[in-house]
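Reviewing the structure listed below.
For reference, chains read A, B, C and D in written order, and residue numbers begin at 1 within each chain.
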């Protein structure tokens, strides 16, 4: 029960003491949560999306509540990759030198994906990149579609990042497609190391008094427990079609949820919205995992994941 | 009950026990709670981020601290039932526990207030609650206080007698059912002294007026509201543009506020 | 408040005393709910999907619960169009002669869509068809995609139904697409009278003990309050692109929800999953509507809908 | 509280008031409720469809009626905490209300049972509860009853004394901690009389065995479970294949069952 190795998970670039990773955008760059608990309790951190230059983000309100979920349209606010390197990642390296960081890279062109991936992958504590080609809250080239919705665009963006990065690149997939494997396959062909999924669904809410959307941006990305079944479905679908590892996310709130997502095909687990409901969500899940594993006869998480992967992928 | 102590021994999340809950006006409730967290409540104008005990509601509700009673180790909030979350909070009873993050944010800076100073406190509607604790502390410092309060109507005026015990209270109501007919701007227009400090909390329109009028005042403060997700600085949901470079830089209401100096943010 | 006209809504083929319509598959053919209340309280009924021949449906379990929602994979169980005509629609006509019925038509080929649409539109009480090209629980031609995900297929199916039907055809759209307006446009070009939306999202849940999906079918359609924001987003998107009327559905549980969906762009409202949570969901919403309208200053629902439509469509 | 009276004056949904709730075995609770609905409970083996008081749970929980007490106008259910819904139900207390649909489904047909008949009642685990009311009614009819019950272990045996007051009780436990070591099939194998009627409720494996053994019996019944959505016949979630044309026709457990004649459905 107290054997730490029971929870450890190994993925390309990621040597995780446990599979629980705060999801990008829900944990800033870690500093605020470090007031609540030691970040060394975590498997890793997916830091806030980083772009080449600083981004102000969208007008407010940026969030709204939905049944068992929420909407957000933060709009990739971040101080830009140079400040992220100089301040945020340095702070993490100084305070948590052994904690592997997954840098979420966003961009508006293949060049930007390449530049940011290259720069951020130089940070000593960044051991993997999460390539965000699926943020629903920013417009890419004004075509109304996300890069992550079009296999050709997804291929190009991934290729740019993979070529520029010195660490493995996991590509973040959007659920807003007819067939996710079209994009997954393109991303795999472009050299991605793995997938992270799912990014948010898209939804909106209206104010009954003003008739205006509650979110200034008009709509936002939907996350939280409500999307959990959709995440499970898509993770399984990709796991059956590709051999690349998947970091799963979307609505995970409890240790049971994390195990269920591993059954679907995930090797590690991102936790987003749950941090807002309870700032201790991640350490609580980590604390509860051994008991849940005991209940379901899971001795060792890596073995469990390997077993499921073998069944799904027949290898 | 999880909690962690920072170097400064601050409790950041705790299940507070409800001591009492009372409806004090139509749709307006006063909830008194007790817990270790109270010992960290040292600044008026901070807020609590309250978990709604309902599995379908994933976001917390930020509510200002209305009163801090160190002696009895209690704190109070005063809130209006707006939607589903506050409606559920209003059904909780003495003895129930409520999961609270806080005390959160930067409160009102009263460090410059000296005995004999004449300070102005401006509030509107459900923005009034945090001004009660503020008023108590200002009075303790020996300040003379003028309160200007704007309400929708007579029904929803809260704590009037209590505020009268702290200073001079002027009230306006939108419908003229009490005090001056009109909004708090009318009271402000009639102001006849130069306050040494100004503190304000209320609706956006009122705050805009206060911000404008006391833009250059060295000790004028406004307390803002914003839709929040994390409520502790990590998600950038709640931002407000900075006055310098409003297109490129902003501040978080939850962590950098909710109280800001006048003239520092774009309303 | 007691003025019934306040709630009435007129759409092509549908003269509704109020906008509340039980959604297809969540209300059978009405008989069971008639034990609970008079079906004449309803605006209309969208009856269970009907195919040419009787369908057994999928193996069980066919449902699972999700946070603020549910999954189903009923698999279009129905007794076939002839029995539906002879028994179900006749029972409705006998007992509720003035109640307009919307017949949900499903099929596996354009011929089947045509045959069923033709036959069912002959029933005197069927005043509109809801063409189900978006059921996620049955495979169409084994291509892994639904007809409703492919504009060309959607066009052909709609055209077949429109040509064969003697009543207006509303086409039911799936949320599982990258850009819903590609399909909406095709459907409009094929002669559809309007849209109903949204059909279910797709999700799954796993049993932690057996590692098997809880639903025998492997996955199911997700519905309920969880999907409400997604429905609002897609309804608004289609309302901005097309002038055809929309019957909105997806997670509506309260009269407030119904009004919010009208703000998004719906002219009438389907209520599905809420019937399971509370068999009186529909009459309760109808009963609550006048009070909610008063609260938000809505005098008359038809005027309200017209006003919003004008704003959205600029006509 | 909504309810509607059919011609037969049946109340289909009601907020029942909880009279008592007690834990009677590990994770197993007995909840007694009162309401007008009790007057419509006239057949053993029907179920109640219980709303979980939690906004995130949209489906009701079907639970069998374990006892009907017309004199005191109460009914009881006995349920095991399996997941989140039953866990929440188990926190309700006397005085609380619970939103219930029912009595739902077709119960056990005991119309052919006469005084002196020797009937067999077979139950397993958490399938035992509805057999208690059944046993009471069978005894009132003057039948001699043999109960065969299979449990996981001694801990989870419920109502043993009460059943002993109704007839002869044989128990098997999977772990041998009480009674015969093994499953209820072992008790069935040892059966030495030809029952005039058979009634059964329990795990799928057990029901299969009973269904097989008494396939041709004119008065043998099994009560099934199935995942439900509407719980009242409208959605076809809960179906079980008919023995005739199992590929093309099925029955609804909620409305056509949960009790079926042996040999009528495919298990």
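Definition applied: a contact is a pair of C-beta atoms (placed from the backbone, for glycine too) under 8 Å apart; a residue touches a chain by one contact, two chains touch by 3 or more.
This is a predicted model, so every value here is computed, not measured.
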Starting at chain A, fewest touch steps before arriving at chain D: 1
Interface with more contacting C-beta pairs, comparing B-C to C-D: C-D
Looking at C-alpha means, what's the farthest chain from chain C? B
Please compute the C-alpha centroid of chain B, do the same for chain C, then give the distance between them in whole Å. 46
Would you mind pulling out the distance in Å between where the CA atoms of chain C average out and where those of chain D do? 35
On a C-alpha centroid basis, what's the spacing between chain B and chain D, in Å? 55
Numbers and ranges of chain A residues touching at least 2 other chains: 67-69, 224-225
Touching at least 2 other chains, the residues of chain B are 55-57
If every chain is a node and every touching pair an edge, decide which shape results: line, ring, star, complete or other. complete
Which residues, counting only chain C, touch chain A once they are in their complex? 66-69, 71, 144-145, 149-150, 176-179, 201-206, 208-209, 211, 219, 222, 224-230, 232-233, 236, 251, 256, 259-260, 263-264, 296, 308
Residue numbers of chain A touching chain D in their complex, please. 67-68, 225
Flag every residue of chain B that touches chain C in the complex, lowest number first. 55-56
Any idea which chain C residues touch chain D in the complex? 25-28, 32-33, 35-37, 48, 54, 56-57, 60-65, 67-70, 72, 74, 77, 214, 224-225, 273-280, 284
Quick one: in the complex, what on chain D touches chain C? 2, 4, 6, 12-13, 51, 55-60, 85, 99, 101, 226-241, 247-250, 255
